[in-house]
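Consider the two complexes below, in which chain A is the common component and chain B and chain C are the respective partners.
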Partner chain A sequence: MELKEKLIASFMAFENLVDIDLPVHDVRSEAIKQFESQGFPSKRDEAWKYTSLNSILKHDYSVFPKRENHIDYNEIKKYFIHDIDTYKIVFIDGKYSSHLSETTHDGIDVCLMSSALTKPKYRLIIENYFNKVATKDSLSSLNTAFSQEGAYIHIPKNKLVAKPIQIVHFSTGNEAALLMQPRNLIVVDENSHVQIIERHQSLTDNPVLTNSVTEIFANKRAIVDYYKIQNDNENASLIDSTFVNQKQESFASVHTFSFGGKLTRNNLNFYQNGERIDSTMKGITIIGNKQHVDHNTLVHHIEPNCESHQDYKGIYGDSSTGVFNGKVLVDKEAQKTNAFQANNNILLSDKASINTKPQLEIFADDVKCSHGCTIGQLDETAMFYMRSRGIPEKEAKALLMFAFSNNVMSSVKIPEIKQRITKIIANKLGVHIGFDL
Partner chain B sequence: MTKYTEDDLREELKTKEYEYGFYTDMESDTFPIGLDEDVVRAISLKKEEPQWMTDWRLEAFRAWKDMLEPEWANVNYVKPDFQAISYYSAPNTKPKYDSLDEVDPELLETFKKLGISLDEQKALAGVAMDVVIDSVSVATTFKKTLNEKGIIFCSISEAIKEHPELVKKYIGTVVPQKDNFYAALNSAVFSDGSFCYIPKGVRCPMELSTYFRINQANTGQFERTLVIADEGSYVSYLEGCTAPSRDENQLHAAVVELIAMDDAEIKYSTVQNWFPGNAEGKGGVYNFVTKRGLCEKNAKISWTQVETGSAITWKYPSCILKGDNSVGEFYSIAVTNNHQQADTGTKMIHLGKNTKSTIISKGISAGRSQNSYRGLVQVSSRADNARNFSQCDSLLMGNDCGAHTFPYIEVKNKSAIIEHEATTSKIGEDQIFYCNQRGIDTEKAIALIVNGFSKEVLNKLPMEFAVEAQKLLEISLEGSVG
Partner chain C sequence: MLKINNLHASVEDKAILRGINLEVKPGEVHAIMGPNGSGKSTLASVIAGKEEYEVTEGEILLENVNIDEMAPEERAHKGIFLSFQYPVEIPGVSVTNFMKTAINETRKANGLPDMPANEMLKLIREKSEMLEIDRKFLSRSLNEGFSGGEKKRNEIFQMAMLEPKLAILDETDSGLDIDALRIVANGVNKLKSKDNAVIVITHYQRLLDHIVPDFVHVLFEGRIVKSGGKELAHELEEKGYDWIKEEVNA
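Our next item is the complex of A and B:
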């Protein structure tokens, strides 16, 4: 059976598991119809021109994990940012693991989507925010149809969340092939501040596909700082769709670090519904083998006096392929917009390829919009300079790559993440770097 | 000092009527409307073409029937009804003239209004003109000089008759019949166009030039141009167009093929000023053009275009850099005003080693127009040391227009160096203030800034054409160019 048919059939089984009298179930039923009519995207769709899902859709994924699995914390400690105190929302094969998690209801809500969807005390938030910013494209609709579990974070007015929140998904490989569809909702009210770290990790070589949707609402003057660490093993694929809705004077940033995974697709959409908003989206991609990473970004400038900054760096080795498809849309009313987009790529191998399409669509005249895009190699004169001073080739290359990605690293606000990313990059390049960036 | 603000300019732009909108009243030999295989055969027969050409057209027509009109471009328009167009029209005068005196005086008047009086051109510029009114070549000048060098410069229908071996060998090699919807249509029904062949090692002593002009109501114009520069030769080719004011949309689907063999260089410059429609966006020409050049070893093709006209422009002059060390260049200014929509850009396909390409695109949008740059830079895995530099700048005037950039970059070779940058801005108040402060009034200041903005491209136009380009820019942005 084709995956599409299987999923549509599974929806009926899914209806037996959830409370279908809730209003949210209407949203789900609507979404499955949407998915049924659209199907999976193909290369014929402009947005998927350079990314084919064929290779990851052929597996016979199980949609519902059969039982809860237990993992010992010591085995997976390394996948957490463990050197600082954090809230944790941990899922194993799509099921919540209370044993590994550390949630809270003390002034702020850091808990589960499944309880938020069913408990009356969250009803207002769910009604106002759930599925309000996610688009109706086929994969997001598929996620909406099966939306049940994920992280639910609500920060009320004037709260500074003392420690970062980690959202971690593990897959144990107990299923031959597993499809997970986490659904996250993050609402940050006026003047509040939150930092979130998200990670997906597969613990075996069994194929895993994650189709994740995250909705983020940054209300007035809220600050949301989001980090995505993608360093999964090479049988795991991730389709991540993140939608950020910003109100006036809010500040939202999303940093995406893509090092692992077989196929990674990041859909990142920012909607600026207010004045004087700042949006930042940055990413570092370092991949090799046959890996594929696709960054698809959109910043929609709707109101005046807003800014957006995009900076994506990619280093592609072996037979890897990279895609960057960035779009800046400036509405007629969005005067005095300042939008900047940069995409720099380095190809290390003749089999690697990069397809990039930085787009600007501008309808307002008093704006400053620019984009830059480069594809090149490591600077040979810089290499020569270092090697003539006794730095071995490998280390010299690594230094240049660190320097290349430093623009992105410099805006990371949690030092432990910086250290972790530096370590991951050093491991990837097989060098030891004796300093912190 | 009279205060001249951007608002005044905008007002002027809005009200500025198409100056060159006039209609020459001449009897024409026009086909009834509609398109089927018989019409294709009839066109071929009319042009006294050999059988292979008729077959070639029919093959294209059969392919076209099954093709769909492309919809990916960032333009909105009422699709032309291809069965409501007459596919052939020729001025009803004697086919050839020996001197200007024999030419229909009304026709000469038309040229005068356009500012291209033939005798003046002959005397002054040293430009050989292959003047096309509607679809048949009417006059060819300076043929003798060219003949001495062995250069063939004639209409394509003449070339089909007199140099069939060249046409047969090269036509459709760069833009195949089935390349795209409009190219297929053109291949089936092209009425005329220019043909140019520069023999080995010859440097063409003058700028070759053609004027296209749509003249007959409801007649699509399907030009076909083929330029072949043999090994080590050089040619600079100019193309310019103006069209009379008309209320119905006119379709223009041209195909231009350039072939630059080893060490050859072709410089192809266009000034396009088809009727853009009136201030309400009514009428205007649909310009769906396929232009492509093929570069062999060490060859160079340079496209320069100044696009000021057309209601809809759909045009991507491209270079296939097949040979090692070949060079492709694209310099463009696209000005849109009122309801004009332009989706234009280029494709640089790097296949050979050490190939280089440069793209400079300047878009100026005013009124309610939409101006898009759409480009592709592709580096194949064998194209070692490919180099590309692209720059797309947009200038917005007023708040009802849009500027869009859609660059596609596909690289499969690690030694490639690709740079792309784009900016969008308006004329800065600080810039105007700076000029005002130094005694330059606002009108001049705007002129200065727009001029400066497009200078990089204007500089690339051949001397003989620069005046014409200035004139055409004036029509679109009068008041801003001093």
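Our next item is the complex of A and C:
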């Protein structure tokens, strides 16, 4: 059976597992119809021109993992940012792991989507926010149809959440092939500030496909910093769709670090529903072999006096391929918009490739919009300069790559994340960097 | 220390060096002068091991070892230092971190452990004071946004930190005002000893008033066409290079 048919059939089985009398179930039923009519995207779709899902849709994925798995914390500690105190929402094969998690209801809610969708005390938030900013494209609809588990984070107004929140998904390889569809909802009310770190990690070589949807609401003057660490193994694929709805004077940033995985697609959409909003989207991609990373961004400037900053750096080795498709949409009313977009790429081999496509649609006349994309090689003169000072070729290359990625790193606000990213990059390049960048 | 025998080098099949012979002994300062395009910077780059230049004939010996096949970093580990005419900007890597990496990689290559942090700090303090470099400067990204003079001073700071056996200063005087020139030259002079050597590549006499050469060589069309003492530099300053060209062509 094709995956599409299997999923549609599975939806009926899914309905036996969940409470179909909840209002959210109407949303799910509507969503499966959307998915059924659209099917999986193909290269004929403009937004998927350079990314084919064929190779990852061929597996016979388990949609409902059979049993709960236990993992010892020490085995997976390294996948956490563990040198600082954090809240943790941890899932193993899509199921919540209470022993690895640290949730809270103390003034803020850092807990599970499954409770939020079913318990009356969350009903108002779910009614107001759930599936309100996610688009109706086929993969998001598929996620909505099966939405049941994930992270639910609600920060009421005037709270500065001191501890970052980690959302971590592990897959254990207990299933021959596993499809996971986590669904996250993050609502940050007036004047509140939260930092979130998300990671997906497969612990074996069995194929894994994660189709994740995250909705983020940054209300008036809220600050939301979101970090995605994508360093999965080469049989794990991730389709991440993140939607950010911002209200006036809010600041939201998403940093995406893509260092691993077989195929990674990042759909990142920002909607500016208010004035004086700042949206920041940054990413570093460093891949090799036959890996593929696709960043598909949208920032929709709806109201005046807002800013958006996009900065994506990519380094592609071997036969890896990259895509950057960045759309900036400025409505007629959105005067005095400042929108910046940069996408710089380095190709380390003749077989690596990048397709980069900036799309600016500007309907206002008093705006500042800039975009630039570059594709190049490592600077030979800079290499010679460093080597002439005794720094070996491999280390010099690594330093240049760090230098290249520096603009993105410099806006990371959590030093431990910076250190972790530096370490991951250094490991990838097989070098030791004797200092923090 | 350095012995160059009949060195020919080309880039993209274009011959630039056409038979250079040069011997530099420990404790000596050699100046290499010559008109634009004569091959001065190429010679510096070839000694330092820049890979886009191909040595087609001849050899370079450092302490009697042929270094032709050595990578630039290996040459650096053996004590060769090139001060660049146009130092490269490396955003995101501070001067201090760059130096730490360079020193510890050199130590590693020579079988030494990393320099202890306190020793490193002491060395950095000592050498930056010698070159009148502000401490704040050291935490800035390497060469990024530095003025021409700052870049050159930074090159000599790196030289001071690495203490090379053979330092090649490629047009270190260009872009320097008179004060910076004095500071840079003082730095070089303080680093000079009976065990190391310096090759100064320059267009003009003025740097040689401060760093006094034992020998002056004139490079023209890829060959050393004239050698002499420091008075040759004065003669070139007064008369220009035309008379050399005439002599060669005659």
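Convention: the second predicted complex is superposed on the first by the 437 of 437 C-alpha atoms of A that agree within 3 Å, B and C clash if a C-alpha of one lies under 4 Å from a C-alpha of the other, contacts with A are read in each partner's own complex, and residues count from 1 in each chain.
Note that in this section a contact is a pair of C-beta atoms (placed from the backbone, for glycine too) under 8 Å apart; a residue touches a chain by one contact, two chains touch by 3 or more.
A quick note: this is a predicted structure, and the numbers were derived from the prediction, not measured.
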Judging by the criteria at the top, classify the pair chain B and chain C on chain A as clash or fit. fit
Could you look at A:356 and tell me whether it touches chain B, chain C, both or neither (first, second, both, neither)? first
Could you say whether A:405 touches chain B, chain C, both of them, or neither, answering first, second, both or neither? second
Between chain B and chain C, whom does A:393 touch in the aligned arrangement: first, second, both, or neither? second
Which of chain B and chain C A:372 touches, first, second, both or neither: first
Just to be sure I read the superposition right, which of the two partners does A:381 touch: chain B = first, chain C = second, or both, or neither? second
Smallest separation in angstrom, by C-alpha atoms, between chain B and chain C in the superposition: 14
Chain B and chain C contact sites that coincide on chain A, given as residue numbers: none
Which bits of chain A are touching chain B when the two form their complex? 46, 50, 332, 335, 345, 347-377
In their complex, what parts of chain A are in touch with chain C? 379-382, 384-393, 395-396, 399-400, 402-407, 409-410, 433-435, 437
Chain A touches which residues of chain B in the complex? 72, 381, 394, 396-426
For chain C, which residues are in contact with chain A within the complex? 45, 48-52, 71-73, 75-77, 80-82, 84, 87-88, 90-93, 97-98, 100-106, 109, 114, 141, 158, 162
